[in-house]
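Shared between the two complexes below is chain A, which has chain B as its partner in the first and chain C in the second.
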Partner chain A sequence: MLGRKGSKLKIQPKRVSKDSLMGNEVKYIVEPQDFLFGETEAEKLELDCGQRFGPVNIRYETYGELDAGGNNAILVLHALTGDAHVSGYHGVDDLKPGWWNDMIGSGKWIDTEKYFVVCSNILGGCSGTTGPRSINPETRKPYNLDFPIITIGDMVKAQYRLMKHLGIKKWLSMVGGSMGGMQALEWVTRFPDAVGSVIPVATTARLSSQSIAFDWVGREAITADSKWREGNYEQQVPEQGLATARMLAHITYLSDESMANKFGRELQESGSYSFGFGRDFAVESYLQYQGQRFVERFDANSYLYITRAMDYFDISADSDGDLIKALENVKSSFLVIAFSSDWLFPPAQSHDIVNALLKNGVDVSFCEVQSGYGHDAFLLEVETLGRMVSDFIRNRYQEICND
Partner chain B sequence: MLGRKGSKLKIQPKRVSKDSLMGNEVKYIVEPQDFLFGETEAEKLELDCGQRFGPVNIRYETYGELDAGGNNAILVLHALTGDAHVSGYHGVDDLKPGWWNDMIGSGKWIDTEKYFVVCSNILGGCSGTTGPRSINPETRKPYNLDFPIITIGDMVKAQYRLMKHLGIKKWLSMVGGSMGGMQALEWVTRFPDAVGSVIPVATTARLSSQSIAFDWVGREAITADSKWREGNYEQQVPEQGLATARMLAHITYLSDESMANKFGRELQESGSYSFGFGRDFAVESYLQYQGQRFVERFDANSYLYITRAMDYFDISADSDGDLIKALENVKSSFLVIAFSSDWLFPPAQSHDIVNALLKNGVDVSFCEVQSGYGHDAFLLEVETLGRMVSDFIRNRYQEICND
Partner chain C sequence: MINSLKEKLAKRPDLLKMADIITDNASVLDLGCGSGSFLRLLRASKKIRGVGLEMNQDKIIECIANGVNVIQSDLNTGLHFSDDSFDFVVLSRTLQAVERPDLLLREMLRVGRKGVISFINIGYYRARAQMIFRGRMPETKILPSRWYNTDNIHLCTMNDFRALCQELNVRITEEIPLGHKPAWMMNMRPNLFAPICLFVVERE
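For the complex of A and B:
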């Protein structure tokens, strides 16, 4: 899974180039890069579980150029099933752009002509960064369940190594939705001097009981699949279990309203009930499709580890649940964004973050976007989000340049 | 599964008797009864799928006595996983009373000294009434997936046969929560002359896209279990799949708020993270317990059939989604009750029912109970519910007696 295993590519700041003109569309081609660290005992990553872990490969992509003062670096933090490929294409024949292509790129809301954007696949992931399916160099087999339980904080510690590697002293800003927002909160508390400003979107300061419960059921579906084999699957992967977990999670990403609008009780084909257990309803077909596509691109063990990391996420764990105390060392300015119909991480959970920041005298802006899209709004409400993000980052950049 | 297969017990109206005094508790002993019909072709039940089906055994219980005028009969309609045993005990050593024992009984909110209460296990169930695990008399094997797909309407048609068998001409009232409320809505539209008044609680006029989606995922978990064997399981039942389906459903019965209050992020034992995949959180233990208990009392194939019946439930299916038209022949008076934090069948879905009834000039009362318990409130808010139900039924009874 390491891909360019062992390679230590030098930073090549401008990874985006106008390579190909296809019809009216300019395809920006970006090359994934790898950063390997922790090969010696001293360099290993100290995990929250107490283990020292390495080597670690981080798969990442960069867009734009770091300016002379090193003031224009922006870190994008992906959600549960995202990856480092946030914008552009991997080749001229590539049909699918990065997952936030409408937000990030030349002339876009986060303008890569102006900013240097970095996105890396999380520790524990399955898209290039070391995770449970990576080869354990000691055994030459996949780690599987020997992979240590990691936390959101561990993901951030790995990202910090990448930051140093890239020669970045301080992030102008960082932005992340859902689990990306959790990483952002870990950054501002673990490395307060390294983060100028931060934009947590559709996220929470701690995973709720309900979310822990959904994660539990998702993992039960995976581990109940006979093909999972205690994590030691080979050719036959636990597709059904992973698809079931994904379908369940997918429901929590949508809202009751968006599902009613998109599918309602619409029937799939014949227009009448089949009086069977197949896919009668459009929503059933949609879910099954989502489940099937997901297993083609995501790993079951990674899903276990990452959901567990989210369960463990509580920014106030070290302050006995006191969120104000947890955020007392924060030095970054904040733009917090929530979506009205998000019931996975509802606006009230963002209010908690904002109130605790205000109590600490932190410079914080908050917006609750009226949207029917549920949690997925952080990926769908690009224009609303983009306008706010763009303004916020531009103002922070101007403040630095005027200093 | 038929229990007293073939028996046609004569109605014995007073099934509740003060049999045993244990400590301060009077245990009311009730005996389950069976009603078998549809043994001849002419007597078979015509199902919504077009099949004629029989024989059908209905397991039921009765409490109190039918009065001389036949005016005091109340039908209680159970939810997805309920059964006919709604009140009292099956024997002096029985530790667990019926599922709505606090609501129904001598001197209780629905007073069996005054009313004749009937509750039957639904068609397709697994608690005495004919369902997919019942023996097909033609093959002498369980029906399993040869059992026809049934609807909520089919359940009600079977209950109508029981009503005739019991010599009841018209129900004074009927009450049901969740899927019980769906049955109530089928009753008032299919048999408008047979229902004096009706109390649908925490229910909906049609299953939403989101609920259909949750049902789909639950069924996927069951059918993915290798022990399910296309429904032909024998000794080894698909426990894991059924438990996963139950745990998922259970989350939808609670509210985010009630889970936060009951469990929060409370850790199970050590007080710190185990850095493993076991049960760290109290909510994980709770869910696992619920899943394990459920598989001891419920059948996987029944779960498939009953959730499918709910998916198909749309009281306005024959009127192109026009709920006003669907309810135009209703002759019953209504008390509709919803719970503020119920997100499975949220109050807005009860508003739709109430508004359509009002447009038809139906006598309808509505109460949205402020409760943090989510959908489960219909079982937990007994006093609030009991007060309203008791008043409503008493008034309807007085109207009849004064006629």
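For the complex of A and C:
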């Protein structure tokens, strides 16, 4: 994965094919694509920190086809540890589909027979897009901590380049949960003419002190791991630190209720206390498993950079904290969705967004979905979310087609 | 399409009357908008720009399917809009269910220029008769719940509402009794013979 060079432009955005039947299930095979830009000084990406950065590779996947008018493009924005692989399978033998496979696909809530869906790995990520573990062409070594500090806005600027590359003039809609929702808010403020409608889910207009605190502890766990070596780890990655960061974060994605339902005080193997410090409880075992799994697919330095980008996220930073003013140039219509038991980005933070939009006379709908799943609800309440997302986008598409 | 939307609201004469009152191209806030049928009708028949407030999640999902802007919101926490955001603020049969009808009325006329309000008139003779002859709290077709489990915690008569408007310096520009035949009786003694009534109000 390190520094993989982008295969050159494939303009025809048609990469989903119906493939082999597995039982009753048709596996949709999607081929990840790469878009490389910023190789010349002029083309480099101007980052919020002031630095000009390049080259940048963007790993992305597309589903469905762009219609003749270019009106049916939907951008899906992934969360902290997501990637471009949002739906379908990479190969026939692939066991796990993309992370939002229940939501997106042929005949699904976001129907790829009708819409052209794009999802790209964020700048700073570790799933194909240029990030801290990519090879710095100047040194031929991984950037590690020489990678510039990036913001959510920088991620969006990179996505904007991809949009131009794909020949899309305006997104019919974009949808993102958690950090994906933050990107969506950056889109509508930085590129108001490029976004027809937007669906921020379980998100916030600025990262709260509580979330910054969790991010800090997560990064502390990574940097305190002796294998981290100031970011210059090689074969021996700081597994323990990254797993701890993940376990901590994972708790914030759940809720008291969902943990009580899932684990309660259930004991792991022995059925009685070990009178030691090993894994007695089911919840401990679960967290450890989550931590281990995460280490296999995610990079520690990326985790540092992306959480920092979230810390810096405040859509109202340029307007002295005035959210109403920050959203005054917005031209997109909104569907804002929050979840009742989400304590990482509580519904009140969505209320703030909604109220500021209303004060600006923006077309907005808002639903606080009753769910016990906590922040993770945005991936679990597929049916409720799907209905709203699908109807909302259908109505927006109809408006455009009637115009 | 307009006719089929009206048919859907056939059982709600107050809403059909409200639809007549609201002017073309107006901006409308519908408090307790349900599945959005009323806003949909107004959009089709009057080309209004509207948004609804609703508490119930299933209704909100229906609103979104109906293409109506809807905000999940509790009317008891105030209206989160700037002053004079709307030409009309509509409240149909919900006044009696909020914690503080007086505060909501004030909020309605802060965010909107006109308030259009319908409510169940507890001064209706059948309700009075139940009090007088049975000595019990009224239970009628439009008030089917018992006194202890009803959502209608602040029932009032038309006279009560007029008095409230006076207290709050709210001007009543129209007063329409509804739902009783013969109409002449109702028009002569609305507080006695109208089960439902509709008021159009504005700031003094």
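In this text, the second predicted complex is superposed on the first by the 398 of 403 C-alpha atoms of A that agree within 3 Å, B and C clash if a C-alpha of one lies under 4 Å from a C-alpha of the other, contacts with A are read in each partner's own complex, and residues count from 1 in each chain.
One rule holds for everything that comes next: a contact is a pair of C-beta atoms (placed from the backbone, for glycine too) under 8 Å apart; a residue touches a chain by one contact, two chains touch by 3 or more.
None of these values were measured; they are calculated from a predicted model.
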{"item": "Partner chain in contact with A:355 - chain B first, chain C second, else both or neither", "value": "second"}
{"item": "Which superposed partner A:335 touches (first chain B, second chain C, both, neither)", "value": "second"}
{"item": "Contacts of A:365 with chain B and chain C, given as first, second, both or neither", "value": "second"}
{"item": "Contacts of A:201 with chain B and chain C, given as first, second, both or neither", "value": "neither"}
{"item": "Contact breadth on chain A, by residue count: chain C or chain B", "value": "B"}
{"item": "Partner chain in contact with A:377 - chain B first, chain C second, else both or neither", "value": "neither"}
{"item": "A:327 touches, of chain B and chain C: first, second, both or neither?", "value": "neither"}
{"item": "Partner chain in contact with A:388 - chain B first, chain C second, else both or neither", "value": "second"}
{"item": "In the complex, chain B residues that touch chain A", "value": "49-50, 148-149, 206-210, 212-214, 216-217, 219-221, 223-226, 240-241, 243-244, 247-248, 251, 254, 256, 259-260, 262-265, 273, 275-277, 280-281, 283-284, 287-288, 291, 304, 308, 311-312, 314, 343, 346"}
{"item": "Chain A-touching residues of chain C, taken from the complex the two chains share", "value": "51, 57, 60-61, 63-65, 67, 69-73, 80-82, 85"}
{"item": "Contacting residues of chain A [partner chain C, same complex]", "value": "335, 351, 354-355, 358-359, 361, 363-370, 384, 387-388, 391-392, 395, 398"}
